[in-house]
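Quick heads-up: structures coming right below.
Note that chain A is present in both complexes that follow, paired respectively with chain B and with chain C.
Presenting the complex of A and B:
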């Protein structure tokens, strides 16, 4: 042990010195005094302390057994009751605490054992440069040369190049085979369920909304009528969700072409953020701003939902609405532009 | 035949087993080679161990969860024991997650063990990377292992994100929605790529099953392979050690594998597992039942991803308004591309840093003695700038919570963070570099003149001086054992031309090493002592 502990062991391969680059190699650097002398622990000096440490380690291992046994007991002692969800908490807590003690006992015991009773004198071992010796490297090159000669890899160009070609082509079917992961979206992203005359209904129940139900300042989360019966409910909802708000008609700044899109101060805008598609679900009544909780893009409801803050760029698309003969709010058409996050060919 | 009798089993069961194994797998040779291999000891070396052990805990707890979890997005009406959601529409995935939580004994515990250990895995990997960076452990011959570790860190994030999305709850569904939006923002292929990933339009019924394959098969398999390569290289290189007396580039100082390291590292696995178990037993994480199943319409305020995705989400938030442009009839969403490019560029710089520094220093020697961070001021300052950049992006993911918790204007918080993203790293760089240089100067002072003892004495001729206590040689060596580098001028090559490459290198070497403090030499030390005697 002590002979190995000497730090004179060296693994330096004198045969290869590397460039030091910009490093300053000072000729009069302060000399390495070698490993500091080992400090003896109490447990090394006194049998009493060693015995004590032994008892401590044993106690920890015993505690581990107790912990594991407790966990076994807790598994049965704290069953889950379908009527009392508090049982989930006690099951999790006591089972977990038991296992914790089972684990800690072993871990702390082992580390304590190593620190108090196993030798703590650091030893030094030679470290060799990663690079192989000149002899090894020469032999490696020889083997490669031999393999090359025996196979004719460099010499037989035609074989080599066609092999490269084959290797380049063979993965292609392996890529194209994933083509059916999903269809080409084509125009599906540009349309939603809204049609001329589709009633605006409450999310999630699907009950129609009368214009008179929408009081000043109130907000309705809206889905198109028939969405809940749709085959692709979530996909349709992810495009067709709408937010409906009523404000004083005179504060709406409407362009000429959108003059007829609102009804008596009631406006409907897509709820899907034009940034990355989160629902723009927060409405601030006194500023008339809509806020997306994901990235805080903010839209001005009175000004055609133009972006006033945040990473989004495009206004929320507006759904043209009116009322039908029974006074229910209906769409005049689908959205006139794609809703949701931007994409290249939109 | 006489050999057969000689190797006949002696000494009971253990010896018999050892003999059996040696004769079949050569276990004696393996033990002879590795049994007393020396590992250096330092608390900071445990960070990588924490990552490794939390990965093992992930494998164990994850396997448990697969026995009950059903990765299907088929809609069902919930009919489990959790009252508030009874009768609600949800996917099978979400419903089975609720069942694991409420109807399997230890199920919630294991879910929480899995989630907490995932967080710990990424955190420990990140801290381990920082340790490697700030001590220069990535230098030759460990550059490749740095890249392997980097890949592991990215795989950790990927594993985390795919797993986070599996329960198909409202929160994780919104996370997927954001991924969908980001993918759609990629020019040319965005919409199609999103369709390939989700099996059609978002959300579809495919994504959970697909992420599940990645999460339980591909990603853990890759992590296992890279961990194996990572550790294999540690064995090849042998572990680095901190500078100090007797620690050199051609030796390794520490404790032998058997028994000390086996006991310490083995015990440490149980401690890490125990800590995770304790946290999982006492602290709720990701209470999916309170979010409800995924529905594209509702969302809760204050939504946040798991912490390790925060910096990317922050990058998305920090993009200035109106960055979207029309290119002909097409839409170019720079508000999405810019954050993605910034994030990827940051990761690329991290991955390539060892090669950049090696090129600048031109130092081709092997380095096994770690740098104290102060002794590489520019590297440490670059690291601090990088950490600050990451931290500001991360804080960017909490603009709304900062605003609500501290009663500030959301708009001002965001603008402040946008400015900090540029200014913060520069400030961090300057402060760190000055601090490192000052610490180095202090070290020089201590080596040359000893430690201030605080004891003032009066000389016979009336002068007051403070007594300085000299260091012992071991302490002193710790403070002088480092190499300084000198910047170089751009030099003409054989053809007499100063190439652009050499100009850049010269500039970089100036940036790195113009300001430096060199270690005290024996000559200086002697001069200082002579000077003292004159006093």
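Presenting the complex of A and C:
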């Protein structure tokens, strides 16, 4: 470090003048070594090595032919069958290996040919200057001036200004049209399919769930009644998916506000993670933790799904539930807060 | 406003009667159904000799943690009402008797013979009714694999991986690999919810649903992946590691060879 420091020349000592006193200039630490001395290849020294290299290149090209022929053969030897997915495995594997050898053989052969048999004299070529010659630059300015004179661009102010105006207005229709691309999300992020009295049904078949079906320790994956018949099934499911769990009623820590939201220890929470929207459905029966498989956010089901670990910052929204006259579980209302990840207006 | 309405509805004596009636009807019906299933199931019926034998085995092997009358202690839960299915699963896969406490009891070589396991199951099921060992027709592999696959992906795949390759849970717990697990053990795990696995009772997944799921798992086990080498079916982690090490490594090697001078 100290020996290096000696070689450094600070701005104050140097002959150059720098505006900022802190600038440090270092002379080139490594001298330009120039071209290294030419090394004669074995293939240039002996005819035997050259012959060998020639044979190697030929062998690579022959291997390429074999590969391509193999690919052709494999395509017909392992036909795809629409009823057996397993046939894809052999078909793509051998076809791919054949084509790989076909192309790889050509590439490796060509490079080996160039490296061993083609002339290997080192050549250096200095870079051109980026700046044009004085003559070219003067001529360019001349042309611009001439164009300005002939068109009267500087002289005819009215034309120039209206042209600026026209150019400024031209993109406006485009901007407005682009602004209308796609539906405006409006408040669709804040509402789901759940309504007062919507029955909780099993995913995927939509059969309603009785409170008595949900025994202690059970987990039901729930969709709202009528989801399968809705027009935008996937969009609705992505918002409305719910996880239903029954625990001992006395271990639920419920705030006064949410006292009536569970039914005899049965609680329903949104399955959409408040971090980036993965389905949170890994339920541990004894810890009562819900784990998100994507980033390991962990929610405590007995404590209003508060975050106990991981990157999620808000608890999972709870769906208020109750039972209807026939004993089926129904929602008391929609979620009282938007489900899923945070967004700008939340 | 809304809350008050519900509270009012709850206070209505008629509502209470309705709820109790609905509860009694379903619970009674469910119990009748469950007992009917037990009496129909061939493996559900145990002899008195088996119960006596099981009781002896229980006292010598299980009672230190589960209590002399299976009532549970600080070291092990009560087994009253867990049913023969829970015993057959826990003892039949070697998880019980437990070897050491930890985040999760591990699968290990089975400690009891089939007869002893059956005797223990007989004893525990004699304490209180509970899920029985499944009938053979529900553990066949002739179910609808497409339907089973869909049900598996919705109910099981989040923990056990889409093809049952297993996965991690919190704090050292994990969902085990399902490949090579006996069909009846898969069924029993769904009915009883061992350790941290939730329960999937017959009201949630019917015996036919469970059979479809088992058929799907066994189909996946028997048929290699169409996409080629599975690398443990662990998805982007294993595949990414392979790509980074071998494919990128190969590209680096080829690049070095391209730039090197010939001898």
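For the reader, a short list of remarks on this structure follows.
Simple rule for what comes next: the second predicted complex is superposed on the first by the 301 of 346 C-alpha atoms of A that agree within 3 Å, B and C clash if a C-alpha of one lies under 4 Å from a C-alpha of the other, contacts with A are read in each partner's own complex, and residues count from 1 in each chain.
Following the convention adopted for this analysis, contacts are C-beta pairs under 8 Å (C-beta built on N, C-alpha and C of every residue); 3 or more make two chains touch, one makes a residue touch a chain.
Just so we're clear, the structure is a prediction, and the values are computed from it rather than from any experiment.
Using the contact criterion defined above for the overlaid structures, shared-chain residue A:100 touches chain B, although it does not reach chain C. In the overlay built on the shared chain, the residue A:26 is in contact with chain B alone; chain C does not reach it.
Of the two partner chains placed by superposition, chain B and chain C are both touched by A:204.
Of the two partner chains, chain C is the only one touched by A:116; chain B is not. In the superposition on chain A, contact is made by A:294 with chain B only, not with chain C.
Taking chain B and chain C in turn and counting the residues of chain A each one touches, the greater count comes from B.
In the superposed pair of complexes, A:171 makes contact with neither chain B nor chain C. Judged by the touch definition given at the top, the superposed model places A:88 against both chain B and chain C. By the touch criterion stated above, A:279 is placed in contact with chain B and with chain C alike.
The intersection of chain A residues touching chain B with those touching chain C, taken from the two complexes, comprises 85, 88, 92-93, 111, 115, 120, 203-204, 221, 279, 281-282, 293, 296, 309. Listed in rising order, the residues of chain A touching chain B in the complex are 7, 9-12, 18-26, 28-36, 75, 78-80, 82-83, 85, 88, 91-93, 95-97, 99-101, 103-104, 106-111, 113-115, 118-120, 122-130, 178, 181-185, 188-189, 203-204, 221, 223, 232-235, 237-239, 241, 271-273, 275-279, 281-282, 293-296, 307, 309-314, 340-346. Every residue of chain A that touches chain C in the complex is listed here, in rising order: 39, 41-43, 85-86, 88-89, 92-93, 111, 115-116, 120, 202-204, 209-221, 245, 260, 279, 281-287, 289, 291, 293, 296, 298, 309, 322-323, 325-327, 332-333. Those residues of chain C that touch chain A in the complex are listed here as 2-3, 6-7, 18-19, 22-23, 25-27, 30, 150-151, 154-155, 158-159, 167, 169-170, 173, 175, 193, 195-201, 203-204, 223-228, 257-258, 261-263.
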